[in-house]
Each structure stands twice: as C-alpha cells, then as structure tokens.
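You will see two complexes here that share subunit A, one where it goes with subunit B and one where it goes with subunit C.
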Partner chain A sequence: MTGETSLLRRGGVFAATLAVTAAFVLFPLVFSNPTTTSIAFFVLIYMIAATAWNVFSGLSGYIALGHAVFFGAGAYTLAVGAEKLNVSAGWTPFALVPLAGIVAGAIAIPFGLISLRTRRHTFVVITIAIFFIFQTLAFNLSFTGGSSGLQTPFPLWTAVGYNQRFYYVALVVLVATVAMAVVVRRSRLGLQLLAIRDDEDRALGLGVRTSRVKLFAFTLSAIPVGMAGAVYAYFLGQIFPQFAFDPLFDITIALMAFFGGLATVVGPLLGALVLESMQQEFTLRFSAGGGIYLIAYGALFLVVILVMPRGVVPTLRDALANARERRAGSPGPGVRVHAPLRSRP
Partner chain B sequence: MTSQYAQAVVDGVLSGGVYALMAAGLTLIFGVMDVINIAQGVMVVLGAYLSYALSVHLGLDLFATLVVTVPALFVVGVAVEWLFMRRLADRDRTAMSILVTYAVAIIIEGILIQVFGPDFVQLHGPYVDKSVHVLGFYLPYIYLYGFMLAVVLLGLLYALLYLTRFGQALRASLQDRRAAELIGIEVNRVRTLTFGIGVAVTAAGGMVFGATNAFNPNSGYDLISRLLTIVILGGLGSIGGALVAAVFMLVVEDVVAVAWSPTWSTLVFFAVLVIVLTFRPSGLFGRTAVRAQ
Partner chain C sequence: MTALLEIEDVHKAFGGLQALAGASLAVEEGAIAGLIGPNGSGKTTLFNVVTGYERPDRGVVRLQGESIAGLSPDRVFARGLGRTFQLSRIFGRLTVLENMLVATQRRQTWLRGVLRHAGSAAERARALELLEFVGIAELAALPAGNLSYGQRKLLELAYVLVADPDVLLLDEPAGGVNPTLVNQIADRIRELNRSGKTFLVVEHDLGFVMDLCVPVTVLDQGMALCTGMPEEVRRDPAVLDAYLGGADEDEVEGAAEAVR
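Right after this comes the complex of A and B.
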C-alpha cells in the first residue's frame, strides 16, 4: 500500500469516526421518545462492557466469564456510596462513577492473580466460580441489603431529560473506553497480548512478561465495566444481587464481542448494538415466557458463528479488501487466515 | 451432633454420585475434544423433562424412562457434534465451543419453555419420597438407587474406555490427535461418538437430578457451573477424578450446610475450587500440565 492511499484511508477513518460520534451525540435529541432513549442507554452500557471485555479477552484469547463481578461491584459502589455519604439526587451521584471504576479495578487484581495462574480452559471455569462467590456474597452480606437490594437516589428529572442525561453520561464513559481500547490495540501492550493469544510459551520465550501483561490488561478491562455498572444502578434506581451479578451478563458481553469480531475496536460496538437492541425489542414484544426469543437469539448466533466464525467485522473487512484487490487486478493472497496483527479499527 | 455430621457426609456421598454421573460426560467431551459443552447443564434438564413427560403421560417408571431418554440424548449429542462442533476450526476451538454450545443451550432452553412452561416441576415415583434407615442413617431410596445407577454407569463407561477397541481409540485421540490419525483411527468418528455418549450419560443424571430436585428450564445454568467446577477439580478428561471430586465437593457442601449455614455452602463449593487451583493449577487429579493449547 502506498503512503498516499494509506493517508487517504486514515482520513476516511477519521471522517467516519467523526460522523459516527456526531450520530451518537444527536441521537437522543432526534429520537427523544423515552422508550427509544432507554433502549439506546442500555445499548451504550453494553457497548462499554463488551469493548472493555474485548481489551482483555479478545486480545489475549483468555475467555473471561466473570466480568459481571466488576459490573456488580460498580453498581454496589454507587448504591452503597450514595447511602453512606448521604449523596443527594441529581448530578452528584455521578461523581461516584470513577470510584466504581477504581473499586472494580481493585477487585480485578486479586481476581486476576488467582485466575490467571491457570491456562485457558481452567481460566474460563475459575472466572465462573469466582463470579458465583461474589453473587453469594451480594446475597448474604449485610451492607448489600441482601436479596431485597438497595435503593439509589432518585433525581426528579422529566422522563425525556432523565434518559438523555444518563445517555450522555454513558456516552462519555463509552468514548473513554473506546479510546482506551484503541490505545491498547496500537500499543506494545496490544501486541504482547496478541502474542500471548497466538502462542503463550513462545511469547514468554521472546521476553514478554506474560503474567504481568495479562494481569494489567485484565485490570484495565475491569475498570470501565465497573463504571458501567454504577451508571446502570443509578439509572434503575434500585439494585438487586441477581441483576447486578447476572451470569447472563458474562456470556452476553462475550457474545457481543464475538459477534462483531474479537480483537477489533468496532466489533464489540456493532455486536452490542445489534444484540442488545434486538434483546430489548423482543422483551417489549413478547413479555411472558420468552421461549421464542431464546430460540431466535440462539439460532441467529449459530448462523453467525457458522457463516462468519471470526465475527462480522473481520469477515466484511476481508471481503472488502478482496474486492478491492480484484478490482486493482492483483491476484494476491486475498484470504487472511486470522485477523492481521496490525489493522485499523 | 456427630450423627448430624455423619448424616451430612452420607448425603454428600450419595448426591456426589449423581453429580459424578452428570459430570462424567462433560469431562469425557472436554478431555477428548478440547471443547467445553456449556449445554451439558441444560441437557441434564432436557433429560429430566423427557423422563417427566414419559412418566406423566405414559405412566412409565422413572428408571424405565431411561430406555428412551438415554438413546434420545445420544442422538441429540451426535447431532450437535455433527452439525456444529465439527465445523469449528482447530484454533480457538475451546473458545468457540463455549459460544456454540451456549447458543445450543439457549435454543434448548427456549424449546423447553415453549413446551413445558417456566414453572418448577419434580419427578415422582413410588420410591421418591420414601427412605430406609440403616445403622441410624436416613437414606432416601431415590438417592440410593441414583447412586447405584451412577456406579453401574460409571463402571460401564470405564469398561468402555479401558476394555474395548473404541476405548483405546478414544484414549489415543485424547492423548495425541495427529498420532491417532496416523495409525488409522478415524478421529472424527470417535469425536462424534464421544460427544453422543457424553450427552447420553447426562440423561441418566438428569432423571435422578429431576427426582431429587425441583427444576425448570432455567436450572441448567446453576448446574453447569457446578459441573464445570467438579470437572476442573477432578482434572480434565478423568472420569475417576470427576467421581472423587463430585463426592468431595458435595460432602464439603453438605457438611458446611450443617456446621455453618446452607446460604454459605454454595460459596464454599466454589471457594474450594479457587483454593485448590491456587496450589494445584491442574486440579486434584489432572495431568501436571494440561495439553499444549
């Protein structure tokens, strides 16, 4: 690729990013219906979580199924913090959101130290086990209010304004998370994680401090999830152990990242957009039971995995690249086996 | 007081046998194929619902329903392997298998909700609520029969693994896929059959589970996390390890429930795994290093 086209593409990516950001900013102003904005808010929450999850699991290949621990920890940090500090409703409780991120990060360190000693298969299971330990704690410790949960302050905003404010707070967290994902992806850390994914022993042999790198990325990926949990708890106005520590959350964010494409920046965003809005739509349509919804969701997922096993974004990107090469007339090796080491988000 | 603890130990051993039966298929599939079958939990529930339907509508005895449910789940297992698992690339197989089997699990769960509804049910038979007193212990018949069934089936599984040609082929594929292929073992066929057998065994586990616990289509999630814990603790691919781990875990859980409180026994169940893996990252009976990933 010549320098000129690369510059052109970079400009294109920049313009696309600007356009998408503008669309995100304008969305709740154009579609101010509270039902729509509330769906949009949940989509943003899942975008944050899936993007953050991808920073560790997508790049390193270690599938973590315990990120709901960080989500729940963030949710309880806001609820308990607001109660203990007597925070009044309004904008002030949002000040606890960064604290929620710190708490989630602080939990991630011992969590990672224990779970990352094991290799991939076992890691999956140990994250599930640690998740259940936290869920049991949330049900039984006194400061969490047990199964009756906790109330968060309730701001007296109009329905339209309420959703818009939460939407923008979530958007700020999302932008920061995506920025973090881009930086990690392009940094030395990102390359080290990809090296671990491809061959951990060789990476270690080549001088990657694998334990340290994995722990750092794991902690990094926990922080935004905790912040998302805090915003989510404040939005709902109350928090229960089964919603804060939800095993489906673990698998949902993993599915979103896979759906869009692991180790890409756009993938988890797209996955969260498609799957979460679909989920919300189904919940609105089929209120009781929901067997049909589960069948449709599972079937959609199987089709995507079988047709595009690497996710939507990498598959489309390669298809585009192939088409472009064919038009240029160079019969080069179009099919890439794996996501290229360096590719634009 | 002492008898209370002794009773807890006996209960733990008996229900541990049932969990071993459910976990045996999982560890077999895990060991041979490097795939984590998240659907194993909901397949247990599927087996329980099949037994439920047969016993309610046809009036069959619970143990007689196994004649239908075990082959039925064998077919389900073979179909899942043939349709989906076989298509996964060798790389990322484990990660992808989690997603594929999770998708399969939610489809099965959705079907169960559509057919049976979300309410809790339990299997009933003349022996389900009765028990026998032996040496001052209170032994429910269903646990006793379930434990015997588990011992017999695990014995059969062992015989299959160690006394037959198929078992040799299976163990060879478990040790080294490429070498097994080179000496003429049809690894793909072995894998399909293994998946089928692994799932079929859960039908028996599901029946006993359904007779000893109330269940609904959601019960699979709680179950799969426990089964995975048992399988990891026992060492991947080891049926004997799964048996010992299942009995160990359930004894610990039951004793904690008596000594402390049932609310914390679940926590201890998972905490044991975390503690053991901190000191022995490959489980209690695992090979010292899990195969190259």
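Right after this comes the complex of A and C.
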C-alpha cells in the first residue's frame, strides 16, 4: 500500500467516524419519541458493555462470562452511594458514575487474580461461578436491600427530556470506551493480548509478562461496564439483584461481540445495535410472548455463524479487500485472511 | 569457568519417568554446541528446564555465572537466552511483522504500554532487517499462519533474534525442512555465530549436527553420555550403543549411514 492511499483511507475513516458520531448525537433530537429514545439508550448501554468486554475477551481469547459482576457492582454503587450520601435527584447522581467505574475496576483485580490462573474452558466456568457468588451476595447483604432491591433518586424530567439526558450521558461513556478500545487495539498491550490469544506460552517465552498483561486488560475492561451499570440503574429508578446481576447479560454481551467480530472495534458496536434493538422491538411488540425474541435471536445467530463464523465485520472486510485487490489486478502475495494491526477501526 | 551457559546435575521427573537424571553440560561462549540423543533421552526437557518452562527438581543452571534455574520464561528471555521449539510456535493470526514485534523488549510503565503504538518506526525497521536476514522479508504483511513449515522455522529464528540474545537454543532447526532450506538455516546460524552468538542445537539430522556443531554432546536416559569433537563422538562405542542398541535393523543402518 502506498503512503498516498493509506492517507486517503485514514481520511475516509476519520470522515466516517465523524459522520457516525454526528448521527449518534442527532438521533434523539430527530427521533424524540420516548419509546424510540428508550430503545436507543439501551443500545448504547450494551454498546459500552460489549466494546469493553471485547477489549479483554476479544483480544486475549479468554471468554469471560462474569462481566455482569461489574455491571451489577456499578449499579449498586450508584444506588447505595446516592442513598448514603443523600444525593438529590437531577444531574448530581451522575457524579457517582466514575466512582462506579472505579469500584468495578477494584473488584476486577481479585476477580482476575483468581480466575486468570486458569485457561480456556476452566476460565469460563470460573468466571460464571464468581458471578453467582456476587449475585448471591446482592441478595443477602444488608446494604443491598436484599431481594426487594434499592430505589435510586427520581428526577422530575419530562419523558422526552429524561430519555435524552440519559442518552447523552451514556453516549459520553460510550465515546470514552470506544476511544479506549481503539487505543488498546493499536498499542503494545493490544499486540501482546493477541499474541496471548494465539500462543500464550510462546508469548511468555518471548518476554511478554502474560499474567500482568491479562490482569491489566481484564481490569480495564471492567471499568466501562461498571459505569454502564450505574447509568442503567439510575435510568430504571430501582434495581433488583436478579436484574443488576443477570446471567443473560454475560451471554448477551459476549454474543454481541461474536456477532460483530471479536477483536474488532466496530464489531461489538454493530452487534449491540442489531441484537439489542431487535430484542427491545420484539419485547415491545409481543409483550405477552417474551420468548419470541429469543427464538428470532437464535435464528439470526445460527445464520451468522453459518455464513460468517468470524463475525460480520471481519468477513465483510476481507471480502472488500479481496474485491479491491482483484479490481487493482495485483496478484498480491496471497489471500489476506486477516490484517489485525491495520488502523481501520 | 568460562562457560556462558552451565548446566550441572539437573534432575527432572514426571511422575515415575525420570526425564533428566543428572544432566550436565557447558556451552562455551562463541560455540555452536550440538546436543544429540535417541528419542526420549531428555533433550527437549533439558531445553524446557533451561528456558524456564519446567522447574528442575534438582540441579543448577547458570547463564553468565548467574543462576537462572526456576526463573519464568519471560525472565530467562530477558536475561539473553532465546529458544525455538521443535514444532514451530508462531502467532498464526498475527502478521509476520507483528510476530516480530511481540518479541521486542521494552521496559515501560503500564500506561505507556497502552498509549504507545505497538511498534516504533525503529522497531519495525529492525524487524524487517531481521526478516531480510533470514530471507522472508517479502512475507512481512502475511498472516503467519499462511507460512510453510520451513518459513515458520525461519520466522521463529528471526523473532528470537529481535531481543538480541547472547545464547540461542534451537530445538530441531532442520527437522522436516527441505534440503535447500536446511543449508540456508545452517548458513544463518554460522553467520550469527561469527557475529558473536552462542548456540546450543538439538537435532536429529546427524549430518547437520556433525557439519555444524563443535562440540557435540550425547544425551542418553537423561544424562550426558559424552562430549567431544564430532569425530570423537562418532567413534565412541558408548554412543553407538546408546544410539544403535535396541533399535531395529532399518534404523540402525540409517543412523550408521548418517554417522558415516
């Protein structure tokens, strides 16, 4: 690739990023219907969680199914914090969102120290087990309010304004999370995580301090999930242990990242957009049959796994690259299966 | 004691199997030492112990006079001892160039590890230079998983060189590689050796070892049987017995042919 085309492409990526960001900013102003903005808000929450999850699991290949712990911890940080500090409703409770991120990150350290001693299937099982420990704690500790849950402050905003405010707060967290994902992806840390995914022991033998790298990335990926949990809890107005610590959340964010493509920046965003809006739409339309969306979900999933097992984004990207090469008529050194370090988010 | 790498009385058992039973070996600075021995004699286990992948039950491993036994592989590598594996282990889904950048040694804080780009211009240039040296620079942008078996061996040699180690342990560098490439690999090893690198080479291809290595050590049942010039080792009756005794006729003839 010549410098000129690379510059051109970088310009294209920049323009696309700008256009997408503008669309995100304008969306709730154009479609201000509260039903729509509420769906959009949930999509953003899942975009944050799936992107953050991908920073650790997508790059390292360690499939963590316990990120709901961080989501729940963030939710409870906001609810408990608002209660103990007597925070009044309005903008102030959002000040607890960064704290929720810190709490999630602090929990991720012992969580990671224990679970990251294992690999592959064992790691998956351990993360699930740790998740259930936290869910049980939320049901039984005194400060969580047990099974009756906790109320968060309720701001007196109009339905339209309520959703818009929450949407923009979530958007700020999302932009920060995506920025982190892009930076990690291009960094030395990102390369080391990808090396761990391909052959952890070999990476260790080449001087990669694998334990630290994994723990660091695991902690990084927990922080935005905790922040998303806090915003989510405030939006709902009350939280219960089974919704804050929801096993389906673990699976959902992993599936979103798989759907879009692991280890890509756009993949989890696309996955969250498609799957979460679909789920919300189905739930609204068939309120009686809550199971219908699960069937549609599963069917869509099977199709994606059959047609493009690596996820939508990598498959499309390679198809585009191949088409471009064919058009250029350059035989090239071979079929490019995958070009990980390219700065194409 | 001028040996760069010293291995003394190393023991390692896996359950009831005594893989190493008091192996001792010294590699002088600037040597291309060879290590041969029948299957199961403990060659790879010895490599694993020296490079930190296995912890010895007993014994001493010293690099430049300092004990490295029991250090983790990343620390051993940081001390200047690199290795390749018998079955090449590369990062299949990374490009060849990215494989090289993984091995770049850079001490830095966590934050800088996140904020800095995966490879600086200087590191990329150095990586390409080494790929040029082993002869696969034109493959730099390909996923490493697309490389042939021999090319993987070359990549493995190249990325170990990224960190500029003093000693290289090569586990069967010529195994399963076509004869042209075998010569290419041997040439690269000689060239690196002239520039000051020390080697310890495990190889089944006796011709390769006898041409390249001085001295040659024979390992049998977890112990060093003898060490000497290739011709001496070749004539040592104990070696012939270890190598040839107990094997079936075809193998005996094949081995004897190779030794001659």
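Rule of thumb we're sticking to: the second predicted complex is superposed on the first by the 333 of 345 C-alpha atoms of A that agree within 3 Å, B and C clash if a C-alpha of one lies under 4 Å from a C-alpha of the other, contacts with A are read in each partner's own complex, and residues count from 1 in each chain.
In this text, a residue touches a chain if its C-beta (ideal position, glycine included) is under 8 Å from a C-beta of that chain, and two chains touch if they have at least 3 such contacts.
Since this is a predicted model, take the numbers as computed values, not measurements.
When the two complexes are overlaid on their common chain A, residue A:121 makes contact with subunit B while staying clear of subunit C.
In the superposition on chain A, A:205 makes contact with subunit C only, while subunit B stays out of contact range. Contact with neither subunit B nor subunit C is seen for A:33 once the two complexes are overlaid on the shared chain. By the touch criterion defined above, A:191 lies against subunit C but remains apart from subunit B after alignment on the C-alpha atoms of chain A.
In the overlay built on the shared chain, the residue A:309 is in contact with subunit B alone; subunit C does not reach it. By the touch criterion defined above, A:183 reaches subunit C but does not reach subunit B.
Contact with subunit B, but none with subunit C, is seen for A:294 once the two complexes are overlaid on the shared chain.
Of the two partner chains, neither subunit B nor subunit C is touched by A:92.
More residues of subunit A lie in touch with B than with the remaining chain of the pair subunit B and subunit C.
Comparing the two complexes, residues 201, 338 of subunit A contact subunit B in one case and subunit C in the other. The part of subunit C that touches subunit A in the complex is made up of residues 51-53, 72-74, 76-78, 83, 85, 89-95, 97-98, 101-106, 108, 110, 113-119, 138-139, 141-143, 145-146, 159-160, 163. Taken in their complex, subunit B has these residues touching subunit A: 30, 34, 36, 84, 87-89, 91-92, 94-96, 98-100, 102-107, 109-114, 117-118, 217, 221, 225, 228-229, 231-232, 236, 263-264, 266-267, 270-271, 273-274, 277-278, 281-283, 290, 292-293.
Listed in rising order, the residues of subunit A touching subunit C in the complex are 183-184, 186-192, 194-195, 197-199, 201-210, 212, 216, 220, 333-341. Taken together, the subunit A residues at the contact with subunit B in this complex read 61, 63, 65, 114, 117-122, 124-126, 128-130, 132-133, 136-137, 139-140, 200-201, 247, 251, 254-255, 258, 289-299, 301-302, 305-306, 309, 338.
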